[in-house]
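Order of writing sets the chain letters: A, B and C. Residues in each chain are counted from 1.
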Amino acid sequence: MAIKFSAQTELAPGADVNLDSVRHPQYGRYLEEYVPGQLFVHPRGFSFTQSNIDSFSRTYMQCNPLYLDLEYAKAHGFNQMPASPQMVFNVVLSLGVQNDSEKVIANLGYYNAQFLNPVYSGDTVRAMTMVVDRKERGADKPGIVTIRTLGLNQRDEVVLQYERKLMVAYRGERLPTVPVAEGQVPAFPWQEDASVNLPEALPTALRHATKSVTGWNTYAEDFSPGDIIVHNNGRTISDEHFALTYQVGNTHPLHYDKVFSQSLSGPMSGNPIVYGGLVYAWLEGLASRDLSENAVWELGFTEGYHTQPAFAGDTVFALTRILAVEDAPAELQDHASVVTLQFIGVKNITSAAALEKHGADLFIKENDKKALGKDKITDKIFEIERRLVIKKRG
Amino acid sequence: MAIKFSAQTELAPGADVNLDSVRHPQYGRYLEEYVPGQLFVHPRGFSFTQSNIDSFSRTYMQCNPLYLDLEYAKAHGFNQMPASPQMVFNVVLSLGVQNDSEKVIANLGYYNAQFLNPVYSGDTVRAMTMVVDRKERGADKPGIVTIRTLGLNQRDEVVLQYERKLMVAYRGERLPTVPVAEGQVPAFPWQEDASVNLPEALPTALRHATKSVTGWNTYAEDFSPGDIIVHNNGRTISDEHFALTYQVGNTHPLHYDKVFSQSLSGPMSGNPIVYGGLVYAWLEGLASRDLSENAVWELGFTEGYHTQPAFAGDTVFALTRILAVEDAPAELQDHASVVTLQFIGVKNITSAAALEKHGADLFIKENDKKALGKDKITDKIFEIERRLVIKKRG
Amino acid sequence: MAIKFSAQTELAPGADVNLDSVRHPQYGRYLEEYVPGQLFVHPRGFSFTQSNIDSFSRTYMQCNPLYLDLEYAKAHGFNQMPASPQMVFNVVLSLGVQNDSEKVIANLGYYNAQFLNPVYSGDTVRAMTMVVDRKERGADKPGIVTIRTLGLNQRDEVVLQYERKLMVAYRGERLPTVPVAEGQVPAFPWQEDASVNLPEALPTALRHATKSVTGWNTYAEDFSPGDIIVHNNGRTISDEHFALTYQVGNTHPLHYDKVFSQSLSGPMSGNPIVYGGLVYAWLEGLASRDLSENAVWELGFTEGYHTQPAFAGDTVFALTRILAVEDAPAELQDHASVVTLQFIGVKNITSAAALEKHGADLFIKENDKKALGKDKITDKIFEIERRLVIKKRG
């Protein structure tokens, strides 16, 4: 359809400037703006392609070929190359930042994350958040907000759900935030007792899976409760993280705007801090060839805490502690087990040196330290519990 | 077709070095090498994919889902995810650098840019330039060259046309530049009175467009002439810009070769400066969620000037002043308006602080300052007028 | 297939930490672990897409439109955009690092590399290595291992084969490395007298190839034995190389883990060094518009040496010396020639200045300098011989 528009001519020099009509749009939300039961449909979506799936895997040093090698993915019953659950988590959380957390003081934790459907090349994911709880703690203190977020694909299937707790201040005298879109409120299909949709062909595929392109040390039989795995290599994070923040859709200026970061006081001031999702992604990647190269699904995670920020120039390292190795449900139990593990990140010290220095204390949650009369470990940047479905060697 | 080549054997140690047969290929063009009426068919082309479209959008912090979300694009009548006009501009200009501007002293301005056809994933764009005018200003002074550049898709449809003015020195004693390819001169289909080709399905789509995934504050009704919008977030540019320069095809060493930059004198010397197209792209992205999230087309821009260079480490911010809000042509007028705006970039100062500091002077073109007896604003890095087709909330 | 897993509950606080069950997985291989005749099937594979092909080309400043422009590639008889041989080399070598070289002291050289089949968007490449020779030089000295590596596509066609020599120490008291996967040993289809598979349509395509989008100075007729070409532009490498290392699949921490780099002594200590394959790729790209813009195939290379490391902040430059220009085999000889050339990289000095400073000595292999009583050139970072099939202008 050819449409004729009038020609553009220069207008600015002839248009008087009116300084009374200035606006400063603000995003995110202050404490009084979170109402339990309220629903936010998050702006934008994220379209997955084999290329951005592969690029995410490579940026964060993923070693599981499921997310790198199309032929391997197809041989495991997947139709296309699936996005790593880590990528799906980063994207869904980031899509929600503009509504959920662009004004928060701190992300307190991730809870009860569950990956319920694979996301493939060709899929577009959007996100919604419901406010679950708001705890006020006095007029001059930040409150605690609990939210639930869903990622949905273009068929409105839930691909991921999780909870977060946020520390948020009252707005007070600050500029108001942009209103949410009006209109009909959609359903919020949170799954209370969720099943996971895996490819029909997966059990058969596992029976015949090639063993040559994954490590011989990462089958289910190689893990026992109590095992501690020291992941040898670190990753030095560079200024690259400014750009990577919005590659996953995160809009928070704390991660890419030095002028903003320098205007803050406290531990977040100075240089832009690395978005926590990216830190987790690097840690997961660094651990992957020792841990998850033979995983066929990441069920989810809980009790995730970023206990210290990371900055450009920091080198991050990971450690794993195996907590449980259990039979998979009947559909998969001949070929896979469910491995639950504690996953720790440290920075600017190798995992081996951190374990030597801190011993068993490294595996105590930082939030529990005070009650136990122990000091916090400032080398530690991250802690979480993860559950993986891992192939048996057979 | 299996072809047998002779085996490779090492040759260098037996081949005497002849220092009389050295050549130093040079690209770009000196003043005497621009001849009005001359046509340059630019080397290479650029193939668009959903991935590089998406990657460009995310690198430059685009918030309009048209360029991020395949389902949104399809719901607006586009067959594939279109490239953002900003990406098309960056690519077409960059394809021309090797012929047009690799030897210029300065890019003086962009004029009369018009986006005439969407560029989709799957399209390949090539570029051509015609020399329109050459102004000589004496033998020891650089001259001013005016060029017109076209971007064409693989069906030879014009996707973009614009004019640039360049400041260029005479070659004098310097090394000659590489000759242009000989052969038949193709047509140069510059559109004097252009129409814009938009998807047939766009008007119907606009009638039914979902309102949930774009901001409630960026519909046509939200803009009135005189409005000033202070875009809150900045973007700190890192050394990433070295690589981003050739990601869009720009071959100028000023942007990625520190040895070259350090060999210069004047304001361009020192570290590589950020290619102006990238600066514009970041500014556009930073403004997008306050301004163009509900745009369905960028008609074009004019009077674009990079008034100061940007370097790695600089943080850039944007401001918008609305100049006109007009009815769209009949085909779209029920559903969209045409918004003309002045768009300003500053660096290392927030937009809010820059407006506080400079007031209305921020919106006066730097080239007009002298005649008005005003000082130039060195915080300002960019100024341009843009025209957008923006959806009505209805 | 919907599978019900039990709900995740937090386990770590109730699980005692056992410090007796710690493991430190190590990859790579020590001297005694290389056994001539032994075969390593390398972990993972690499799936090529138009996007990662294009992205590699642009990152390393490729100017040959064959690897940038889908329409150009199709007009030359290729079905899809082929990956540049440089990309295929980087990927295949990187896939092997985890087995072949993650513990080596130095990569001594590349030999006899041959690109035997195009790799297209849609292809997945895996790699295998055979140990060819192990030279021991006494119990307290590192030995020399010679390996052969193959890259195979999903139809098990060899796309690339080459040899490397590695300097490797004995393991001694160090931690053992992870065992290789057990099971049936596949064939190792090294091609002793290889043919190159090029598109059937290539000769016809060359007869009609458009001349407008490639340089007029880079046809076969433009090269004569003895020509020295000084490539003008350099590329400043930034910290970007940390991420680019694993973009091609290389797992060696020397390239991205500052804590590891700082734990070393000698020339590799300090900041992470740039993976040599990336250095070669940048050099090739910088030279491409003077040299290979009209190449239709890279046959291979030999005698490749990284004579000095490069670090973030270094600016690299390239020079070419033409060694031979020969008829192509009958299938192509009307339209193309085979050009053999010596290819040199320098850093932090322009190619022109390096040639001025070092003259003919720049083209003497650094390993031959001692025998000739000459000093090594520390400005030089790379040397290799390449063979290209280049179109005739006709």
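By definition in this document, contacts are C-beta pairs under 8 Å (C-beta built on N, C-alpha and C of every residue); 3 or more make two chains touch, one makes a residue touch a chain.
To keep track of the chains, here are their UniProt names: A, B, C = Acyl dehydratase.
What you see is a predicted model, and the numbers here were worked out from it, not measured in a lab.
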- Item | Where chain B (Acyl dehydratase) and chain C (Acyl dehydratase) overlap in contact partners, by chain label | A
- Item | Interface numbering overlap (same over half, different under half) for chain A (Acyl dehydratase) and chain B (Acyl dehydratase) | different
- Could you give the separation in Å between the centres of chain A (Acyl dehydratase) and chain B (Acyl dehydratase), each centre being the mean of its C-alpha atoms? 33
- chain B (Acyl dehydratase) residues touching 2+ other chains are 49, 51, 55, 238-240
- Message: Applying the document's contact rule, which stretches of chain C (Acyl dehydratase) touch chain A (Acyl dehydratase) when the two form their complex?
- Response: 1-13, 15, 17-19, 21-27, 41-47, 49, 51-52, 55, 98, 124, 126, 154, 178-183, 186, 238-240, 242-243, 246-247, 249, 251, 253, 256-260, 272
- Query: Can you list the chain A (Acyl dehydratase) residues touching chain C (Acyl dehydratase) in their complex?
  - Reply: 49-51, 54-55, 58-59, 61, 63, 65, 68-72, 81, 112, 114, 193, 195-200, 202, 211-217, 224-236, 238-240, 289-290, 293, 299-303, 313, 315, 317, 321, 323-324, 326, 328-329, 331-332, 338, 340, 342, 348-350, 352, 355, 359-360, 363-365, 368, 385, 387
